[in-house]
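In the two assemblies presented below, subunit A is common to both, partnered first by subunit B and then by subunit C.
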Partner chain A sequence: MTTADLGGAPGRTMPRWLRLSWLMGPGFVLVVLPFLGAMIMLAAYSLNYRDDNGMGLGGSIWREFLTDPFSWQVLWNSVRIAGLATIFTLIVAYPTAAALLKVRNRTWRTLAYVALFSPLLMSVVSRSYGWLLLLSDNGFVNQMFGALGLGPYRLIFNETGVIIAIVHVILPYAVLPILNIMTQVPPIYGEAAKDLGAGGWALFRRVTLPLTLPGVIVAAEIVFALSISAFVTPSLLGGGRVLTLSRLVYDNIGLVEWGLAAVQAIVLLATALAALFVLERMNRATHAGKGD
Partner chain B sequence: MQDSALKLWALRLLLVAVVLFMMAPIGIVIVNSFNASAFNAWPPTGFTLDWYAKVLSDPNFRAGAVNSLIVGVASTVLVLLLGMPIAYALARFRMRGAGLLRATLFAPLVVPRVAIGFALFVLFVVVGGGLYGSYLGITLAHAILMLPFVVTILASTIGEIDPLLEEAARDLGATPLQAFRRAVLPQLGGALVVSGIFAFITSFDEVETTIFIVKPAVNTLPVEMYHYMEQYQDPTLAALSTLLILFTLLIALVVPFAVRGNVLLKMMGSGRQV
Partner chain C sequence: MTETNLRSSRRAFMMGAAASGVALAAPRGVRAAGNVTVTQFIWTGAQEPVPRRIAEEFMAQNPQVTIEMIAGTNGATYPKLEASRDIDPDSPLLNLGFFNMDASERGRARDLWLPITAETVPNAGHILPAYRQADDLGAFFCMDVGGLAYNTEAFDSAPDSWEMMFAPEFKGKVAFFDSFWAGNGFAVMAHLHGGAEAAMEIYEKAARDGHIHSLVTSNAQLQQLLVSGEVVLAPHFRGVVLPWANEGAPVAYAVPKEGQVAFPEGFQLVNGTSDDQLAVCHELLNQSLSPENVLDYCETACVVPLMDNVTLQGALAEDPAIQPEAIEKAIQLDYADIAANAKSWANEWNRRVKANL
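Up next is the complex of A and B:
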């Protein structure tokens, strides 16, 4: 046996499970375990668990939440705002991605990328503040409208302002996956369709859109999940007048309604998961349709 | 493919409009930070640097900045130290139950941050141990949010490094740790810098989870800003935001020097708070 073998030997004889435990154990114990513990506490609190009364579990808070029309109103608010923000974002993101790919000049293209993606680095509180300035009653936007003889319009402390500001936050996340799939579609498909006589609109509807649809659905998954759980933007741009589930969770901590906050947090999570599930099913369907 | 001139110009016009839309809040914040009007009068009534003076002398913002720096550095170091071996295991070992491991590891990505924040709040209150409202608690919360991203970036990079290099090192007598340090780590530099910067910036901006677990004494800077903005909307916030934009730009400038391959795209493809 050489010294080289001796050097390598201890590692090789260390059982696999032990090596894996050394590698993954610390991270799982210190970070993943507290997360799971927190989720379990969340479920427990939604079922009446309290420090003082021990484990007298029950579903009364759930009943209270589910039978209160106010809960459904707020849930519908959250879904509507997130849904509208997602739709507007996709409508803008799709042609934006197409336009980005058409920019031939390197400098211009880099500048466009920087302008589109650098706002990701800006704090959401700062961005909300920026939108508050732009959209306020005599802010920049309303003064532009005024110059055209329009307005002023109420654009803050209502859903309009909230949706505009959310679109600003999520747009880059929608552009990326669409951009990604557009670069994967070989241009030869479009040329073939053109040779076969497809015009501009038919080309888009029958060839380009179906081929890029999976990227659009991935974009929708990301941006809907981000919008439904948004907290800072709807709170600050809504000025307390736009109620979303995430806002209620926060308010109920102040009101020491921890059980109710737990139920609302779980409903928020369930809604996000449900949307993800539906979109994932759509994604499968578009892939399956490719065989035709 | 030939496009009609009309379509080309329509797309260009749209791109310009989108770029203006994306830059608008940044532009107005920077301009407004020099606005002499306390009521954000537009157009600005005059030029002043008073708001910068006010921010820099505000004890709450100063304390918040210090807290954010401490938590940002601590959670970044923690998440890199714990994430790197996990990424290595995921990239190099085929294991039974890997699906379940991944699902648990990446679960925080699908849970709304507000829900994570509230869940951690009740956990900290029940467990005690000084987690609620302490550096330790906030650092842990940020590590929970960042671990999936860091593992994703690092695992995909490790997956691209030839395992033969490491095996060769082992055959030449290196211990597993030596082999990793000599044959893998040098090629991991770019990904470590990118995920580190990403983790730090995310921690430094985090509100939606953090707001549930801070006490007024240890408010982080963005939480302090959030509460300030709920009450006042004067240009103090504009000055502070402008300083923060400069600070993040400074950090982000390191990225282009460190990025290899499409790490940046992978990083941007991952979610952040709204």
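Up next is the complex of A and C:
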């Protein structure tokens, strides 16, 4: 693209760095700068402590957090819940994407997309209270179990309810990348496998899944990052039983313990980044396996 | 007095009081120069309509004044206010608002408030002496009382003791607010059992024994649990429970024999407010503390007035929970102590109660 393309003087080429600045500028200002600013602020808060002698600079808050077994227990809880939510989301998202791929009727496809994205159209608080009504001991789900002579089961105010609600809201984020990669797999691969005698399971295991694995890993990255930082759902549906790091961050902000909240927020971010790093390495390995 | 007479006399009283209020407020006006915007923090739910009405009336009387509202909870708003003062002491998030004693004591320790005196806000002079704040930091003009909220279908007679929260027959049927020391019975149990450590042991044992159904974070959660009968007993405030009962829910409020928790509520004026804003805030506070507005607020929010020129009317006035002897017997919590210990209690609560649920 030249400056003429952008409406500038003909015959003069805009330098590459300037073109890149034009293109990346808005994103940089809206995303990167606030993120960097927030990280610098968090780092500064995490090193600022306040005690009976006043304020000071040092690593005492970090030391307090990292040497406390309770911190690690809560961090492990957060990772475990995010991991479980990721696994269950992928288990639901994969067949959902496959089904969406096969829907040819435009009306049905539109309706399916509306249903899929409906959790994102309402506030997380309203959605959580909806789950309270559905999953409570006297709620609709337990009434259905009751009609079958089962239950009631405790489906809410524990990890079960939290994971169900998280899976519900992040499902669209998982379906889209999987669906995207499924549309890129040429149907002829499946037909060739069938011609060579592959059954349904073998076709899935040896052809479809390996070819769509990069989409699954991207979905896992998005879902894990969203799940580990989920706050409202564990707070409202956990009933105090689901201790996560995001909840501790909120509690400490409420107590005006900025330093500890900053340390916990940085640890939460670092954990999410570490998980993304591992998943991205897996993603590259799948590409390398295909000779990319 | 018949119901019709009662309504008629109350309406006449309100109309007369409103007229006198307007007459009193109109000539004073606000002497601030130019346009002034002040931000007021209000609570949601039943506490919301009256401050909004007063603000609308004030802006109609003073066209140069804009009153912006922030509606929320002390828990969510107080940290933002303190953060805004840390960033710029002369530009606080809000200029005046409703705060409970817990937030007030935390703010006092951080030099967050300005005095509200009878000189600058004449109506503040009618606050009962027992509820005036040291250095006039705050105008606590009303009070809610905390007791036991229960499902009426689960009890033959109303629960009558704080200790019933931990009675074995209610195992798995009791809920508490999470980390809300004045509202979840913790401060009361500490008061009754000789200290916070004793109270923490009681809650820890209850958590380990599966006695606690859940820890809630909102009124709506607790309402759903109590109405459905999943939870039959919980400590909570009269001003929150009565509107639920009035809507027909099978819940009621009971006064524990050990005494209810006194929970004063009122205004704080925020340090860092400019002189022009202060002039507006003083007038707005004075109007908000007029007898008719305080009465309207107390009736709407089901709270008890703490002013010598305001008396509740009708059935509300006859509620046993707010009779003089009940109020006199109310447990006066040390909110400064609660504010000072909030961090360490939260720490222990997380490790010993929540981790064992």
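What we mean here is this: the second predicted complex is superposed on the first by the 247 of 292 C-alpha atoms of A that agree within 3 Å, B and C clash if a C-alpha of one lies under 4 Å from a C-alpha of the other, contacts with A are read in each partner's own complex, and residues count from 1 in each chain.
Please note the rule applied: contacts are C-beta pairs under 8 Å (C-beta built on N, C-alpha and C of every residue); 3 or more make two chains touch, one makes a residue touch a chain.
All of these numbers come straight from a predicted model, not from anything done at the bench.
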Query = Taking the superposition as given, does A:Gly254 touch the first partner, subunit B, the second, subunit C, both, or neither?
reply = second
Inquiry  = I'd like to know which partner A:Arg241 touches here: subunit B for first, subunit C for second, both or neither.
reply    = second
Message = Just to be sure I read the superposition right, which of the two partners does A:Asp137 touch: subunit B = first, subunit C = second, or both, or neither?
response = second
Task = Using the superposition on chain A described above, determine whether A:Ala198 touches subunit B (first), subunit C (second), both, or neither.
result = neither
Request  = State whether subunit B or subunit C is in contact with more residues of subunit A in the superposed arrangement.
outcome  = B
Query = Does the superposition put A:Leu84 against subunit B (first), subunit C (second), both, or neither?
reply = neither
Request  = For A:Phe157, select first, second, both or neither according to whether it touches subunit B, subunit C, the two together, or no partner.
outcome  = second
Query = Is A:Tyr129 contacted by the first partner subunit B, the second partner subunit C, both or neither?
reply = both
Ask   = For A:Gln73, is the partner it touches subunit B (first), subunit C (second), both, or none of the two (neither)?
value = second
Inquiry  = Quick check on the output: what are the common subunit A residues between the subunit B footprint and the subunit C footprint?
reply    = 129, 132-133, 136, 138, 235-236, 253, 258
Task = State the interface residues of subunit A toward subunit C in the complex, per the touch definition above.
result = 70, 73, 129, 132-133, 136-138, 157, 235-236, 239-241, 243, 248, 251, 253-258
Ask   = What does subunit B use to touch subunit A in their complex?
value = 1, 3-4, 7-8, 11-12, 14-15, 18-19, 21-26, 28-29, 32, 40, 42, 78-79, 82-83, 85-86, 88-89, 93, 95, 101, 104-105, 107-108, 110-116, 118-123, 125-127, 140, 143-144, 147, 170-176, 201, 205, 207-208, 211-212, 222, 225-226, 229-230, 233, 237-238, 240-241, 244-245, 248-249, 252, 265, 268-269, 271-274
Key: In the complex, subunit A residues that touch subunit B   = 3-5, 7-8, 10-12, 16, 19-20, 22-24, 26-28, 30-32, 34-39, 41-42, 45, 51, 92, 95-96, 98-100, 102-103, 112, 115-134, 136, 138-140, 143, 166, 168-173, 176-177, 180, 187, 190-191, 194, 200, 222, 225-233, 235-236, 246, 249-250, 253, 258, 261-262, 265-266, 268-269, 272-273, 276
Task = Sort out for me which residues of subunit C touch subunit A in the complex.
result = 75-76, 78-79, 82-83, 106, 178-179, 212-218, 220-221, 224-225, 228-230, 342-343, 346, 350-351, 353-355, 357
